[in-house]
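First comes the structure, then the notes that go with it.
Chain nomenclature is as follows: A, B, C, D, E and F, assigned in order of appearance, with residue numbering initiated at 1 for each chain independently.
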Amino acid sequence: MSNKYVSYEPTRSMIYVDCADEDSRIKLQYWLYRTHIPDSISQFGPYVTKYAFYNALPVPPDGERFGTIKMQLTEHNWMVNHLDPRTLNKILTEVMPPEVLVWQNNMPASALNGGNMDGDDFRKTTGGNVPFIFAHVPLWWEDDVKGKERTINDGPNYRWNFCISYPKSDLYPIENGDKWLFEEVFPVFEKMPECTRIVSSKVIKDINECPMDRMVEMWFDGPTNWHKCIEACASVKKPEWAQTDVFPYLKPYYNIIGAFVTDYPTSDNLTQYHGYITMR
Amino acid sequence: MSNKYVSYEPTRSMIYVDCADEDSRIKLQYWLYRTHIPDSISQFGPYVTKYAFYNALPVPPDGERFGTIKMQLTEHNWMVNHLDPRTLNKILTEVMPPEVLVWQNNMPASALNGGNMDGDDFRKTTGGNVPFIFAHVPLWWEDDVKGKERTINDGPNYRWNFCISYPKSDLYPIENGDKWLFEEVFPVFEKMPECTRIVSSKVIKDINECPMDRMVEMWFDGPTNWHKCIEACASVKKPEWAQTDVFPYLKPYYNIIGAFVTDYPTSDNLTQYHGYITMR
Amino acid sequence: MSNKYVSYEPTRSMIYVDCADEDSRIKLQYWLYRTHIPDSISQFGPYVTKYAFYNALPVPPDGERFGTIKMQLTEHNWMVNHLDPRTLNKILTEVMPPEVLVWQNNMPASALNGGNMDGDDFRKTTGGNVPFIFAHVPLWWEDDVKGKERTINDGPNYRWNFCISYPKSDLYPIENGDKWLFEEVFPVFEKMPECTRIVSSKVIKDINECPMDRMVEMWFDGPTNWHKCIEACASVKKPEWAQTDVFPYLKPYYNIIGAFVTDYPTSDNLTQYHGYITMR
Amino acid sequence: MSNKYVSYEPTRSMIYVDCADEDSRIKLQYWLYRTHIPDSISQFGPYVTKYAFYNALPVPPDGERFGTIKMQLTEHNWMVNHLDPRTLNKILTEVMPPEVLVWQNNMPASALNGGNMDGDDFRKTTGGNVPFIFAHVPLWWEDDVKGKERTINDGPNYRWNFCISYPKSDLYPIENGDKWLFEEVFPVFEKMPECTRIVSSKVIKDINECPMDRMVEMWFDGPTNWHKCIEACASVKKPEWAQTDVFPYLKPYYNIIGAFVTDYPTSDNLTQYHGYITMR
Amino acid sequence: MSNKYVSYEPTRSMIYVDCADEDSRIKLQYWLYRTHIPDSISQFGPYVTKYAFYNALPVPPDGERFGTIKMQLTEHNWMVNHLDPRTLNKILTEVMPPEVLVWQNNMPASALNGGNMDGDDFRKTTGGNVPFIFAHVPLWWEDDVKGKERTINDGPNYRWNFCISYPKSDLYPIENGDKWLFEEVFPVFEKMPECTRIVSSKVIKDINECPMDRMVEMWFDGPTNWHKCIEACASVKKPEWAQTDVFPYLKPYYNIIGAFVTDYPTSDNLTQYHGYITMR
Amino acid sequence: MSNKYVSYEPTRSMIYVDCADEDSRIKLQYWLYRTHIPDSISQFGPYVTKYAFYNALPVPPDGERFGTIKMQLTEHNWMVNHLDPRTLNKILTEVMPPEVLVWQNNMPASALNGGNMDGDDFRKTTGGNVPFIFAHVPLWWEDDVKGKERTINDGPNYRWNFCISYPKSDLYPIENGDKWLFEEVFPVFEKMPECTRIVSSKVIKDINECPMDRMVEMWFDGPTNWHKCIEACASVKKPEWAQTDVFPYLKPYYNIIGAFVTDYPTSDNLTQYHGYITMR
């Protein structure tokens, strides 16, 4: 804050967008593509270098246990800390009807009380349903655990991108959780040929006080092989801080949340958006 | 055919692309976006004015009974008859591995026997599973049955685009089917406020000997209201040529096939495709 | 109408959009760019090859006498007759609040009575103010009267694009008007070096029963030289059907309407529109 | 300067481009769009993230008193200090005929003496007419005074973007001016419902020794309401350093200069420019 | 010509652009990309659906004997006969300095006599050097002689696109030439595995009185294999109308002219041109 | 490295891509445009602001003596040090078949031993042929030696971009080389009107341990005038560290390597790439 200029602090962020039910899906899509994309680009275009939506693939069997969301993964690549106090005056507030939080399953419909919301408040709302998770990581993955040699010629990837928040306390510091993840969990996946890629980064928590601790991405060639791998995880040691009785021992949507997506963005908004041109 | 030049014959076509299972989905998407879009534009770019993909929304309850497909609707707007014999020499054959037909659920995996396929043959293949339906209609809808005044401001539309092939015989000419559709079926939907729009066109069958007779599009505000409408259709008179005991009385995927999509294309390929740029 | 397919009938059209007052200008622009461009492209994208807006330059001294409009010239290049009865079913009606007609000065504010309008009705409305003029001409100019050799290297052009409707009656057929224009008016401009270009076409009146008879475009290097030319026109013979006492002897906005624009479109919508991205 | 690399110092700048007379307007536009946009992008494309032109709306009644310019506002968003000595070697000098300064009303035609100009010299020229004002501010507004909750759904905005240079002396430091602006002027606008938005930033003067001290943006719904607000300013206390007898008590074009523009850029050059494609 | 509207007559054309010497190459490129692309799109954008430049690959050994040009192949896909008399009035004449004809090797420098040229005259000029060949063929190849099954996955193609004008007389009608080509020449290439593809079409001569009779495209995997094939052609029967003693028995640049290009256009102008943005 | 975030360190880099023979050219182009452009943008899109290919012009007479390459110059403009250890984890390894190194003439075909390569290893390979030179310089030229006033209106530029590695030893430090270049070599070119522009920068060697010391760009109006200039260099003093007997006294491709290119990029990949759309 003592510098004259906002610093160059490149990060990448993921928002895990859920969908309350199938009637909400098209309402959410209508708002996202018709209203929100242009609203967003108008505001952050000059300091964002990637802004993409990845439609969530259908939730695979047992996916809910891992906090799998149903709408989309929203990616931003930021050149600055977009929550630096010096960046918060926006000439136009985003159009953020609170219904969006209901459609996204962040808030029950019963909590609606009208009015537009401020975008930054919006993203902090936790209304009792699936929390709104907005996690920042460095622009490049920190830990490359498996599959470094994979190229796009090796075939399509069924990507499982998820975040974990370890149950923390004085007894169980965050390092504890990471130790369990790297020494108990990853080795199971490393042994399975069905898992083709593992990378991970620590979440940069101070930008927005994100509750999540770590982002992980694992790849498979489809849901069948993903399921084989999580079956193999039955052997993973239950940690002392386990919240549930079965792997991943974490409270879904609160302590683990993720999405299954493909390699190709549904909409790479900065290069592909040309207005809300509809089907005739 | 006697003219020196290929004629201007503007049509619009829809391909109803199914997906054999969830492991096939990302394989199909990889081929469609990485290989097929550039292949297609290379070939028909100069005589196609719209080429768009619309991801199929999740199949709603009872959707299978109506032949609902799970992958996407592929739309082309053609300026000429692209199957006119004078247009069939293509400098490059499309990359069409027969596996695509398996992923699309048009052919059982057991039928695979290697080799690349010619695109036009590909599209005629009927391997025993969901037929490959490629239906042409005029560029503009012929029949505007309900909801002419609707604008995009009225909210998002849960679009049900489907094709019907009436069981035909000497006893039951095609006009019979249309009479039933317009006089028995549409009136039920016209009465239901849950249905906001109905349009329809005759399929132009002679272009590719398409088995379907008619394309219909109906709009709702979501799957719940769609279901209310088809429940109301229990009252629709069973036609003499009924193939099944319940509405729509047609053999799913063979005599009725359709998709649920939104207003916004997932990829409007001629304007939005910029190469297969993947998630980092 | 007897053909199976809609015919290839390439035309170019101009709409002369006025602006009631300066408070209306930004309202009109907001609707045009935020709502109407995507609405329009959604509908006619597959059969329009150019869709451009040219901001009207400030009305020069004496410009009102020539029916000079203040908002913009809207150009379309159509591949078909977009008013052929077979093309009139549109899946979405354009968002056309009648206030637009007030902002465009086609209708007094007092005439407003709510509701959305059908786009085609909209364009036929004549509410007592400046008529809504929508004139079609062939895709290429028919008459090249002066300046054929001019290139873009010769400098910017102050383009005066206007339409004339000759007062017609049994006594004064349309040929009469053209004779006066080509033999009395054009020669004055041909002699003036200040006028660098003259082209003209007959309006194709049967598409939309357009009241205008002829479209003309004349170029100058700015308003000063345009004014010198119209001063020289004081010598033009007053025709028998004169509606006013001074050149051009036509009722402004009704029998002559036009705009001053530059060479470069303000928005070449099919290639330049990327959504309503606003100033931060 | 002691660092090895040029620093990340994101700023936003505005150039207030006037127009000497209506004959100059199209000459200026021809140079800006045909020559200057590609020249500029060739040079600064890799370190500019927004480069947009906003056509000035017509000068409202009494606008000249506030130094209102008539051509356009030119916006750049810079990632670095583009006047850092290490950035000044440019492979191609911009095409900058001194006539441009005459068309822009920065210099009388009588001062022309041929030759091309260096772009950076060009921008420092003060030839006795309207000064060339090029003001840098932080990428985000510093002071959000009124209307924080406004969204683009609230309607179009008649934006008044202007800069002030307070008359400075030993007696009247810059803080004096700001005190007057925030305590005497803004409160009048804050009370008027006709003014919907007020934001402001200090000009970063050291980049190019800009004479202006502060940039302000105020929004209205049109010129009528803007005028009501400046009428209300008759009550604003005349500051000790007043240069004129009426509000804003500043020498127009020298100590106050501004433009009225809309929300939508006329040309968002980095995304919308596709070459100088002209009207046919 | 008796129709009211210009007809839909889709064709594809190739211009074989040579280069007088290496000093001319960059002059020609500067004019083509800086001046000619925008000039052309301004004019024919609404009725051309493909406009691409393919840089000529280096002339292989013995390439001159086959009339190989050194600059580029220019492709247009037209929707109408662009030389129909009704299409000839162009609002702006293309910037066509006669030097271009010298750089293109169509005219000796000594023939220069100043002034701009009309584009259509330009294209008819035959100044004694390499003729300006502008050949139209149907939008789809008429004869598919070899390699129909080839896909883009089979590797890059060294494309030899050329035109032939058979020496014609009462004794030797055009059918004679085609008989020789299809029965004597093609079979040699069909037997050689080094040739992977052969297609051909008759030139539509009446559009612009093109001297060429037939366009052929043959593919190889590089110049070495091309040369092997033309060596094998030593066995081709010398036709009665032979102009030279060695295969192809035709006067290079006059009776045979061609280019070697790759699959990928150097510039697909309608989608890839964004102005003349230069290297910094 | 002690900072939390990767720093903003803007650089520009050039890769000098040679071509082993004409059969390799199209193989290299196929890989570059079909596979490598999308691979690259997927990876570095968010931190690269320019990524362009410039086709090498034909090697002029005596060009080999100066280490002239035959394929292309590849330019990147980086916002960060892309070899900072924190940036090296890439989700997908680039598709880098070692054959590419053979086609690029960096490695003899005999050295091929299969497998894909890691992109960063790839770029360090020196297989005995032309070294792979990848040189970084500041985003702006450091030394402006001649021709500062040149604009794009002055005509096309035959650009000679090259790098020098001075033979270094205890006796001959790098300053020695620069002294010779600035005091012996540049003055010859400065005196020749045939040379229109000279700029230069020190190579930032520590990013990738680049062997080159300095990048220079000189402009001419074509190869004839370039040759006149190098003829004049016969008078340049032979330095003590000369590796050869004639100017430039450096071992070609090892101690001097360069390319002749034009002003206009063959492909400005971030703005112009739309997928591998081929010639029909």
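Going forward, contacts are C-beta pairs under 8 Å (C-beta built on N, C-alpha and C of every residue); 3 or more make two chains touch, one makes a residue touch a chain.
On a predicted model such as this, the values are computed, not experimentally measured, just so you know.
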Could you tell me which chains are in contact with chain E and with chain F alike? B, D
Hop across touching chains from chain C and tell me the fewest hops that reach chain F. 2
More C-beta contacts across B-F or across A-F? A-F
When the C-alpha atoms of chain A and chain C are each averaged to a single point, how far apart are the two points in Å? 51
What's the distance between the Cα centroids of chain A and chain B, rounded to whole Å? 33
Pull out every residue in chain F that's touching 2 or more other chains. 7-8, 12, 42, 45-46, 50, 79, 90-92, 152, 273-274, 276-280
Chain pairs in touch? A-B, A-C, A-D, A-F, B-C, B-E, B-F, C-D, C-E, D-E, D-F, E-F
With touch defined as at the start, can you tell me which chain D residues reach chain F in the complex? 4-8, 39, 42, 45-47, 79-80, 86-95, 116, 118
Using the touch rule from the top, collect the residues of chain F that touch chain E in their complex. 12, 22-27, 29-30, 33-34, 50, 52, 54-55, 57-58, 60, 75, 152, 155-159, 221-225, 261-266, 268, 271-274, 276-280
Which part of chain D faces chain E closely enough to touch in the complex? 37-38, 41-43, 45-46, 90-92, 273-280
Can you name the residues of chain D that touch chain A in the complex? 7-12, 49-50, 77, 79, 138-144, 148-153, 197, 199, 217
